[in-house]
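Naming follows writing order (A, B, C and D), and every chain is counted from residue 1.
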Amino acid sequence: MSLDPTKEFYREVLDNGYVKMLDVMGDDSSPDTDARISTGAAARSEDQRTTLIRFLLRHKHTTPFEGSVMKFEVRAPIMVIREWFRHRTFSYNEESGRYKQLDPLYYTPEKSRVSYQAKSNHQGSGELHPEAASFVVQWAEEQREFEESYNTLIQEHNVARELARLNMPVSHYSTFVVTGNLLNWFRFLQLRMEETAQYEIRVYATAIFDLARQYFPRSFEAFEDYWLEAVSLSRREVELLANMISQPITVECFAGAVPAPSPQFTKRESEEFRRKLLRMGLLKEA
Amino acid sequence: MSLDPTKEFYREVLDNGYVKMLDVMGDDSSPDTDARISTGAAARSEDQRTTLIRFLLRHKHTTPFEGSVMKFEVRAPIMVIREWFRHRTFSYNEESGRYKQLDPLYYTPEKSRVSYQAKSNHQGSGELHPEAASFVVQWAEEQREFEESYNTLIQEHNVARELARLNMPVSHYSTFVVTGNLLNWFRFLQLRMEETAQYEIRVYATAIFDLARQYFPRSFEAFEDYWLEAVSLSRREVELLANMISQPITVECFAGAVPAPSPQFTKRESEEFRRKLLRMGLLKEA
Amino acid sequence: MSLDPTKEFYREVLDNGYVKMLDVMGDDSSPDTDARISTGAAARSEDQRTTLIRFLLRHKHTTPFEGSVMKFEVRAPIMVIREWFRHRTFSYNEESGRYKQLDPLYYTPEKSRVSYQAKSNHQGSGELHPEAASFVVQWAEEQREFEESYNTLIQEHNVARELARLNMPVSHYSTFVVTGNLLNWFRFLQLRMEETAQYEIRVYATAIFDLARQYFPRSFEAFEDYWLEAVSLSRREVELLANMISQPITVECFAGAVPAPSPQFTKRESEEFRRKLLRMGLLKEA
Amino acid sequence: MSLDPTKEFYREVLDNGYVKMLDVMGDDSSPDTDARISTGAAARSEDQRTTLIRFLLRHKHTTPFEGSVMKFEVRAPIMVIREWFRHRTFSYNEESGRYKQLDPLYYTPEKSRVSYQAKSNHQGSGELHPEAASFVVQWAEEQREFEESYNTLIQEHNVARELARLNMPVSHYSTFVVTGNLLNWFRFLQLRMEETAQYEIRVYATAIFDLARQYFPRSFEAFEDYWLEAVSLSRREVELLANMISQPITVECFAGAVPAPSPQFTKRESEEFRRKLLRMGLLKEA
C-alpha cells in the first residue's frame, strides 16, 4: 500500500455510492523517467520534468503515462457500472449477484435531477419537472418492493440467487475494484467528465479526478490544459475562421502577446503556436 | 456481406432473445494461410491444412486465429449482457436507454429453470422449486408493472429517458452488435459453454458456437478436441495419478493403442503423446 | 475474400517492400448500421449516412468504427516493423527467422534520403548530405557482406537459423499479415502519417491510406477532416488567441461566412462551431 | 517506490543484458482481496488466502490477478525485444535509435550455444557445432565493424541517427521499461519459459520469474502447479489413455493415495480430481 496518509482517499458519490483509492504505483516523476529511457537523457530538475510531461501530453506521446497505475474501489448503481465497464483497458473485479445477496442499496435521484427529455439531444433537458417529487417517491417505492421480493425469495424460499435477482433494477448499487494506468484514466476522464456524459457517471469521474490529481498534480494539470480544455477545430472550421477574421494577427502583436518562457509555456511551445497560427492563416508572415 | 445463404444464420434464444450472424471474414483456410507467413511454406492440401490448424490450437499458437472475424447481432437480457461485456477484446455497440425507449421485452424464465440455491457452489442446485410456477407469475407481474411505469414516465410525462429507466430490471432485453476474431470467440466460448457458467449465457454461447462452426468447421473441431474437451492435470495430480496406476503402460500396449496416422491424430501427435505419458510416469520406457 | 476486383489492392513501397490488401469486412454503411443499434433509427439515405459518419468521428464516438475490418500483407524493413508493432491493437503474423532462411532483401535508401541530423529535433534535417552517394554504396556493401555470411552459415555449415541471423541488420525485409478494425487503422494512420513520423514508416502509412479509403471513402474523408487535418488548441493557446484578435467576429459576419447546410457541414455542425467560437471568446454575442 | 530492500531486484542476463525490478503494486494478499469483492467474504487467514489463490488459478479465474502490477527495466538484444514486444498487453517504453546514438553493446553467444539446425523442429539441435569458436569470433568482428561504421557516420559525418542505424544488427542491445499486471506476466512466462522458446528470451523469462516470485510467492507457486507444470490431455488422448490402462483405479486406491487436506491440496481439490478421473474413465465407480 503506497497511499499517502496526508492525502484524501475517499469521496462519497450520489446517495449511497463512493470512490476509494486503494493503491497507486508511481508519481509525477514516473512519466519523466519512463520517457527518458528513449533518449537516455540524465535526471532532471522539477521544472524540466514539468516541461517534459507537458510536451508528452501536448503531442499525445502517451506510452510514458502507462507505467503509473491507480486502483480504486467504487460503489455505484448498475446503470453507471454498465457505462463504466465499456472502458475495456481497465481491470475489474465486481461483486456478484450469483455469489451473494447484494446489500439493500439503491440510487434514488434528488428531486432537482428530474427533468424533461431534451428535444435537441439525447439527454435530460435540465429543466426541472414539476412532478419531480412524486416521481422520486414512486421510484423509492418500486425499489422497496423489489427489495422485499428479492429478500423473500432468498431468505424464505431459498431460491437460487442467480435467479432471485432477475428483476433487480439498474438503480441497485454494486461494488467493484478497478485498476488502470494513467493513460487509461485520462481516456476515461476525457469521456466521462464531458458535459454530454450522463450526470450519474460524471460525478464519479469528477471524484476520481479530484483524488487522483493529488498524486500526479503536474500530469493532471497538463491533462487539463492539453486534453480536457483543448479546442479542436476541423479542417473546414479552420478555413471558415480564417475567412471570418478580418485582420490577421501581426508578428508584433504575436510577439507582444505570448508570455515569457516558463515550464507552463515554453519557448518551444510558443514556436509551435506560431506555426499553428500560420498554418491556420491567422498570422501574417513577416 | 460474406454470409453463405445456404447456412443457418439465426437462432432464437430464451423467450425473446436471438443471435444473428451479420458478417464473417475468412474461412478455415485463413489460419493456415496466416500461419504459413511464418514459415514461407507453400499452399497446402485440405489434409495438410487440417493438420496445421490442429497443431496450432494444440500448442496454443493463437495468432493465426486472430486474422478471421465474425460479427453478430444479439438480443439478450441485461443480466446476460453484463456478463458478456466482461470480455474486453470484443468490439460492441449496444442499444441505449438514453437514446431511445427500449422495446417492452423481458426475460421470464421457464418454470423448470427455477431451482433452490445450491449448497456446494454459487449456482442453482438444479432441483426444481415447488413454488416455481408462482414465482414466474410474480416476476412477469413485476415486469408488467415496471413497463407501465416506464412507459407512462416517457409517453405521458416526457421525463428524460436517461432517468425514466432508473428501475429497469436486469431481465429487460437489450440489443447489441459484437465483433471479434476467432481467438476472441474461442476464449468466450471456453468460459461461457462451461457447465459452471450461468444457464442464461450458456444458451447464447451454444447458439454462437452452432452458427460459427459452420464457417470454420475444422477450426472448431480442433477447438473442441484440444480446448473445450481437454483435461488439464496439475503437477500434484500427475504425481498422484502415477502412484495410483499399479501397472504402467508398456511400449507394446502404447504402440497397439495409438491409431494409424491421420490428420485427426498425426504421427507427430502420437510422439507428443508418448513423451507426455513418459513425463507423467505412466509409460514404461523401453 | 471480399475484395472488389475493380479497386487497387497493391502498392510497392520503398525499394523492395509492398502493402497488399488481403481482405475487408464492411463498407461505409457499416459504421452507420452499427451506430443505429444505439438509437434504433431506421435505415438511411446516403446523405444521412454521411452525416452520421461525420458526426461520429467529429465527436470521437469511435465504437461504430470497430465493426469494420481490413487485413493487409506487408513487406517492410525490420526497422519499420519495430515501429509498426508498437500498435498493440492489431493482430499480427510475421515471417520468422527461426523457421526459415529469410529472402535476401534489404532496404537501401535513395541518395536523396540521406541528410544531416537535425539540430532542433530528433529527425533528419532534410538537408542532403554531400557524401550521400558513398554512404549508400557502403550500406549496400555491408548488406551484401551480411547476406554472404548468413547464407554460408545456413547453407554450408548448417548452423541453427535462430543463431545464424544474429547480426541481421534492421534494414533486412520481413513480411507480415496485419488485421485491424477501422478505429485501429485510424489511430495508426493518425500517428504514422504525421510529418514527425520517420519517412520509412510514413510511406507505408500513406500506401495503406490510399488503398483503404477506396473501401470506406466517406469514413476516410471524415477522418481527414476531423482527425488528420484538425487543429487542436490548448487552454492557454485559446486565451492567447482571443487576446491577439483585435476585432471579434460579429454575428452577421459569422452568419455570412458559414456555408449552406449540407452533409459536409450540417446545420448542427454550424451551431457547434458557433458555440466553440463563443467559448473561445472570438465571437461577439448578439 | 515499493521495493523491499531485503529482496533481490537485479539479475545479469546474457553477456551484456539485465533485468531490474523498478516497482511493484500489491502482494500475495491482493488477489485474495480483489476476489473477495465478488463474494463479500470477510478477511482471511494466511491458509485461506493460499487456498483461494490456488482455487482461482486452478479454475482460470484470472481477473483477481490483474490488480497487482510489476514494472521492470530490461536491457536485451533487439532479437529478444522483437519477440518480447509481441506480448501486447504490456506497456513499454524503449530506447530510441532515432533519439540517441545507442551504446556499443552487442550480444555474442557463448561457444557452447552454437549448434546445428535441428531436423525435427525449428530450433537449434543442441548439438555443439565443431566450428562454434570461429563463428563467435566472426560475429564479434562483424559487430565491431558495424560499430565503427555507425560511430563514424554519426560522430564524423553527422548523418541523421535515424539512418545511421540502418544496418544495426539485431544482436545490438537496447533498453526498455515494461509494466504489466500479474496475469500479463503469467501469460508471458507460460510462453517464454517453455523449452521450445528461444534460449535467449528464455533466460530473461527465468530471471523475471526469479525476481517476481519473491513478491508473490504463493501466487507463483500456484502458477507453477496449475499452469506451468500442468499436463493437458486432448479429448482423443483421454480416450486412448483409458484404453491403455488395463486396471482402473479402485475407490480404495484413490482414497488411500490422495493426501490429507491442506491449503496445497484441499478437500475440494480432491473431489475435483475424483470427478476428473471418473470423467477420464480411469476410476472405477463405487
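Convention: a residue touches a chain if its C-beta (ideal position, glycine included) is under 8 Å from a C-beta of that chain, and two chains touch if they have at least 3 such contacts.
Keep in mind the model is a prediction, meaning the values are calculated, not measured.
S.K.: State which chains count as neighbours of subunit A and simultaneously of subunit B.
M.R.: The common neighbours are C, D.
S.K.: In terms of C-beta pairs in contact, which of B-C and C-D ranks higher?
M.R.: Taking the two pairs in turn, the one with more contacts turns out to be C-D.
S.K.: Rounded to a whole Å, what is the gap between the Cα centroids of subunit B and subunit C?
M.R.: It comes to 34 Å between the two C-alpha centres.
S.K.: With centres defined as the mean C-alpha position, give me the subunit B-subunit D separation in Å.
M.R.: 28
S.K.: Calculate how many whole Å lie between the centre of subunit C and the centre of subunit D, each centre taken as the average of the chain's C-alpha atoms.
M.R.: Here the centre of subunit D sits 33 Å away from the centre of subunit C.
S.K.: Return the residues of subunit A touching two or more other chains; collapse runs of consecutive numbers into ranges.
M.R.: As it turns out, subunit A has residues touching two or more other chains at 39, 63, 92, 96, 99, 122.
S.K.: If we count contacts the way the header does, which residues on subunit D are in touch with subunit A in the complex?
M.R.: 2, 23-26, 34-35, 37-40, 63-64, 66-67, 69, 71, 73, 91-96, 99-100, 175-177, 179, 181
S.K.: Under the definition above, what is the set of subunit D residues touching subunit B in their complex?
M.R.: Residues of subunit D touching subunit B: 39, 58, 60, 63, 122, 191, 224-226, 229-238, 240-241, 243-247, 249, 253-254, 257-259, 264-265, 273, 276-277, 279-280, 282.
S.K.: In their shared complex, at which residues does subunit A touch subunit B?
M.R.: Those in contact with subunit B are residues 78-79, 82, 85-86, 88-89, 92, 96, 98-99, 107, 109, 113-118, 122-125, 129, 131, 135, 138-139, 142-143, 145-146, 149, 153-154, 157-163, 165-171, 198.
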